[in-house]
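Two complexes, one shared chain (chain A), two partners (chain B, chain C).
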Partner chain A sequence: MDITEVPVSQDITGKKKKKNKKPKKKSVNQEGNGEGSGVLKTEQKMEKSEPAGAAAGAAFPPTFSVSEIKNKQRRHLMFMKLKQEKRKQKMQLKKKKKKEREALGDKAPPKEVPKTIENQRVYDETTVDPEDEEVAFDEGTDEFSAYFNGLTNPKVLITTSDRPRGRTVRFCEQLATVIPNAHVYYRRGLALKRVVPQCISRNFTYLLVINEDRKVPNGMVLCHLPDGPTAHFKVSSVKLRKEMKRRGKDPTEHSPEVILNNFTTRLGHSIGRLFAALFPQDPQFVGRQVATFHNQRDFIFFRFHRYIFKNEKKVGIQELGPRFTLKLRSLQKGTFDSKYGEYEWVLKRHDMDSCRRKFQL
Partner chain B sequence: MGDTSRLCSVWLGSETGILKGVSLSRKQAFNFCNTSHLSRDQEVRALCWGDPAESELLVGSVDGTVKTFSTEKGAFTETRRYGEPAEGCFTGLAVLSGSALVTCVECGTLRVWREDSSEAVTELDAGKNVCRMRQSPVHRHKVATGGKENGLKIWDLERPEKPLFTAKNLRDDWLDLRRPQWVRDMAFIPDSEKVVTCTGYHQVHVFDPSSPQRRPVLEVEYGEHPLTALSLPAAGNAVVVGNTHGQIAVLDLRKGLVRGCLKGLVGGVRGLQCHPSQPVVASCGLDRFLRIHGLEDRKLQHKVYLKSRLNCVLLASRDLEDGGGAAGQGGPPEVKEEGDDDELWDTMEQVEERPKRNPEEEEELQKKKSKKRKKEQD
Partner chain C sequence: MQHDDVIWDIIGNKQFCSFKVKTKSQNFCRNEYNITGLCNRSSCPLANSQYATIREEKGQCFLYMKVIERAAFPAKMWEKVKLSKNYEKALEQIDESLIYWPRFIRHKCKQRFTKITQYLIRMRKLVLKRQRKLVPLSRKVEKREKRKEEKALIAAQLDNAIEKELLERLKQGTYGDIYNFPIHAFDRALEQQDEESESDEEEEEEEEEEEDDEDVGRREFVVDEEVEESDLSDFEDMNKLKTSSDEEEQDEEDEESSEEEEEEEMEVETQTKASKSKGKSPANGSVARKKRAYVEIEYEQEAEPTTKSRAT
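Showing the complex of A and B:
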């Protein structure tokens, strides 16, 4: 029950005197506290009156901060007042700037660009330079070279984890309409390592496995088949066709165009090529459908649209098809072998999360 | 070209066939390529020094050719074909005294070649699926091989009929099933006969050929993924291992405990090497980076982006920072400064003898005070 707001000298004398004197000291301290609190109250009243009385933009005494008030309600009130003051000042500043801008007209300085996390992104040294020969050679001879040289056509096998529920099944069916030349098969509890050689013998080029958890798709394993890399993604925000507002009719059999946005680093390039090789290559676009893989902050957003050019500059789009987001968890060299395979990239949360402005893709 | 290659203290082989040299003091990486036309056949699988003076590098490629690179001239001087690509890629290259070359391929054929002849002088079969062959740094004619379902075998090249030491597999497990074995990398421990190996089943084994026991003397498990690379630091009793997930750990061989992990690598480790004298370790892997960690504080010292996946790394014996001359000049003046400090401290000590009584007096006073307080409380 010792009260701590008493100055230091009083404390020492309090300790050295005998117990009998302590209760007297306490009472003295309480009185002192009463005075002290009284003093505090008056101080606060003074401070409350100050902003009310003072002109807008008056500063508090420099040693005072809102966090020093011990009473929660009063502290909250003071903080609210502080915020309102700040907001007022900000609005006034904005109005002033706007007036100046209008006054200057054409000569006004250009608008300042606000800072966003994408703006402040730490420069990644693995960003691919388009003229780099070594990277061009590396990409030209990697596992996708057969596709990009026009030698093979994609053939995709879509399956799920064992015993899928309704949502996942519908998701797979819709994916099969979006990706041309895709076949959905029921996974009869077969091991993926045994499925892979069978697919290779039947000339499939991709194996897509949607993993399900609690009746909702949550993971995706995308394996490029002859000997290609295997990517494991986390799937979130899956929206099926009937959940979409203002959607168009179902997609037709035409091959869609592919748009890959913002895959800048070397890892991003590999993943981008992985997605691009899912769809057949045909420079003469037929059917105005487009599949977009947009990478932002290491999340890949998939959207499927139908577009129509109204004139040279205006496009109308309607969204069809499912939409989902992916986050890369690992990229493994070679076909699916999670135990003994060699990983080219693994998501390590504690190592990578240290800087908010650093992204891998 | 020669100047750049003389600066490089770290050499790496990549999957695209390019030999890369890195100079850490200048923070620059240089590509040395044989022909202007690159191809995946030239993927570098094995690297070793051609001579003890480290003026020549031997680069073994997938198609069975071994190229000699001279660090003085900065160019490839020779190319020789040492076997068919059908046999598999090189799993080990070593140089014997007398300009003989030892090569080992994946199908298990270990050959010793001399410069003059195009046929192997000695040939032996080390089993199938050999993953690695290493040469003992002390006894140059001893080599060790190991692979998938192919245990550790130590061979003496002068008596190639039978291995000197064949390791026995571990005891059957608790279900009486045969334990699978997959030796990925090995190293000879200096100053003793022991050999340490790392396996694809995340175990590290130490074998002692001088003891009658053919099973491992020490077994350590680390992680849940296959260990792909191994290296022994200059300070003994430890081993650095890396696995396919990019986890690198320093293990203590006395008891078999993990001393610490080196962080930073995100891809599978393909090559690890500790510097012969400095406490640093260089690691390279599938994430296309060369990383140099200090072994004492386990912190990342250097990180270099090299655009292709890297297969093997080789360190020069000289100082990594390449400031060998500069360090020498910095040495003597530092010593002199320390000498001056000693003189200062000598003079100081004479003054400090007197105030020594004060702390003693203070202690007495404090004792008295504490006694008084105790009395008061009572």
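Showing the complex of A and C:
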């Protein structure tokens, strides 16, 4: 009775695909050995507990899953086997598909593009169209128009928070070599609100404050001076020049070129202009240096390279200079004023970090 | 009765005093009414029935006095006098209240009062300076961000992006005349070569005569070929040039299609050479050199398929 009943129930309750092979085999076995049913059952039970030996002959009751084996080692072994089988099936499927594709030749359906986060990005309505007139008009009249029309030359003041430690000081010095016409000043407990008018009076165009926490730079305030926007970034992964492998010699005094990648939205555009205005308008190509601000998933990676063209299909780049990553935390309209300033954009963790595919820059 | 000596005898040296804090070098007294903070016979507020202290509350200083007459009324034991905010006036007040009191207590009171005013002044100054705001970081969030950053870095492929951008800028001509790559001529030549080599594969089998005619037109190449055929044995090292890989396949196809006598193979050789010559239209020295390489490889490739065919 048991023998005949079990196969039927197996067919009905063939829920788990992975068990389809084994129940069928079991039914074959049982129908073959109709007499030794009791023996078979015990054998099956033994087989269940000896996964190493039981290859094709393994038979399990239908509602069995790997997680029910109490013995950890054996459970692990069974799981590994399961995984191997799945992998095998996957490879076979792949091979089949590849053969089909080759057989069809030109008529094969186009290759499927894998889904990446960049592909799946939620469309941001503030994405800038290159020919958008409104944006062009805005950019013609905003705070950077003076710079982009060639009227002003950038002059950058780099400073830190109170009592900077060695790493931050060295970072500031290296930044000063990377950005032409930059001056480093030691902050002696001055309030930023007092520093700003002094800078303006001395014709600085940018104020860059590196904030330090636990002997490591972790924040940056970039303030465009006459009355420009103030951006507050979180700085991470700072690598100084001596920590870089295969780096070149020190950067020279030539003004570098600037590459801004992936600043697509309106906010990204304004941040991009903020960075672009740090460097002088006309780069000196003789120097062959390039500073890159690359935005990827709201992280801005800064790199400084020296390039050389081997032929017109190949270029070699060698990293000089410090590298760091920035993440925008807030953008404020006027100069630095944390209490009464008008914030254009603030990072709200709860709202903005909830969706994996939504990015701001 | 207040027996100060007895009290001190007990709590000071022999037995336990709950306000006493013992350290290696000194004993401190934690009693809030203690004037010096040390555990001494003269500073202990429990062991002195006549005692005075200065204490500060929310920026206001008070003089506390204890006299033996009130020892029986613990609730009213300490007399509290508010001191003026003016430093000198306050000192006078202390002197006035503690007149006829032991020198030690008067002196210590004034000292304590001075100290207290000094630290109150410092506190007021600090408030005016910039305050450091402490922002709590959530460990989970920071970890998440770090991981996201790593993934973004991998996805960014920075080196490739930078190289691409630089090459584009070169193409667009932002660098002007600094770099002297003859871009357009070279590209055109490459394109031509690609087109012609493709067309030649189709035409070779059918139109051999035409190719011969074209060979006649291009004397330079023909001459080179003859020279090379004689000198082929010398150039065994040139096999390693990569550019020949495409032509090798073409050669094999051609040779399989035609009959496999050596003479005809030689003809095919010349024809394929001719086709190659067609492909390389600009007659540069480099092109001739490349052709030389092709030629040798063709020759050597010849040997292999013939042996194969004979075997089969």
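We adopt the following convention: the second predicted complex is superposed on the first by the 263 of 361 C-alpha atoms of A that agree within 3 Å, B and C clash if a C-alpha of one lies under 4 Å from a C-alpha of the other, contacts with A are read in each partner's own complex, and residues count from 1 in each chain.
Criterion: a contact is a pair of C-beta atoms (placed from the backbone, for glycine too) under 8 Å apart; a residue touches a chain by one contact, two chains touch by 3 or more.
All of these numbers come straight from a predicted model, not from anything done at the bench.
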Does chain B (first) or chain C (second) touch A:Y343, or do both, or does neither? first
For A:D351, select first, second, both or neither according to whether it touches chain B, chain C, the two together, or no partner. first
Touching A:H305, do we find chain B (first), chain C (second), both, or neither? second
Tell me the contact category for A:E112 with respect to chain B and chain C: first, second, both or neither. neither
Kindly classify A:E102 by the partners it touches after superposition: chain B alone (first), chain C alone (second), both, or neither? neither
Tell me which partner A:E68 touches in the superposition: chain B (first), chain C (second), both or neither. neither
So, A:E131: does it touch chain B (first), chain C (second), both, or neither? neither
On the superposed three-chain arrangement, identify whether chain B or chain C touches more chain A residues. C
Going through chain A, the residues touched by chain B and also by chain C turn out to be none
Okay, in this complex, where on chain A does chain B touch? 16, 18, 125-126, 132, 134-135, 137-138, 141, 266, 333, 339-346, 348, 351
Residue ranges of chain B touching chain A (in the complex, touch as defined): 15-16, 18, 31, 38-40, 200, 225-226, 228, 244-246, 263-264, 266-268, 286-288, 305, 307-309, 376
Residues of chain A touching chain C in their complex? 116-118, 189, 191, 236-237, 257, 259, 261, 285-286, 290, 292, 294, 296-299, 301, 303, 305, 307, 309, 311-313, 315, 317, 325, 327, 349, 353
Residue numbers on chain C that touch chain A, as the complex places them: 129-130, 141, 144-146, 148-149, 151-153, 155-156, 158-159, 161-163, 165-167, 169-171, 175-176, 178-179, 181, 183, 186
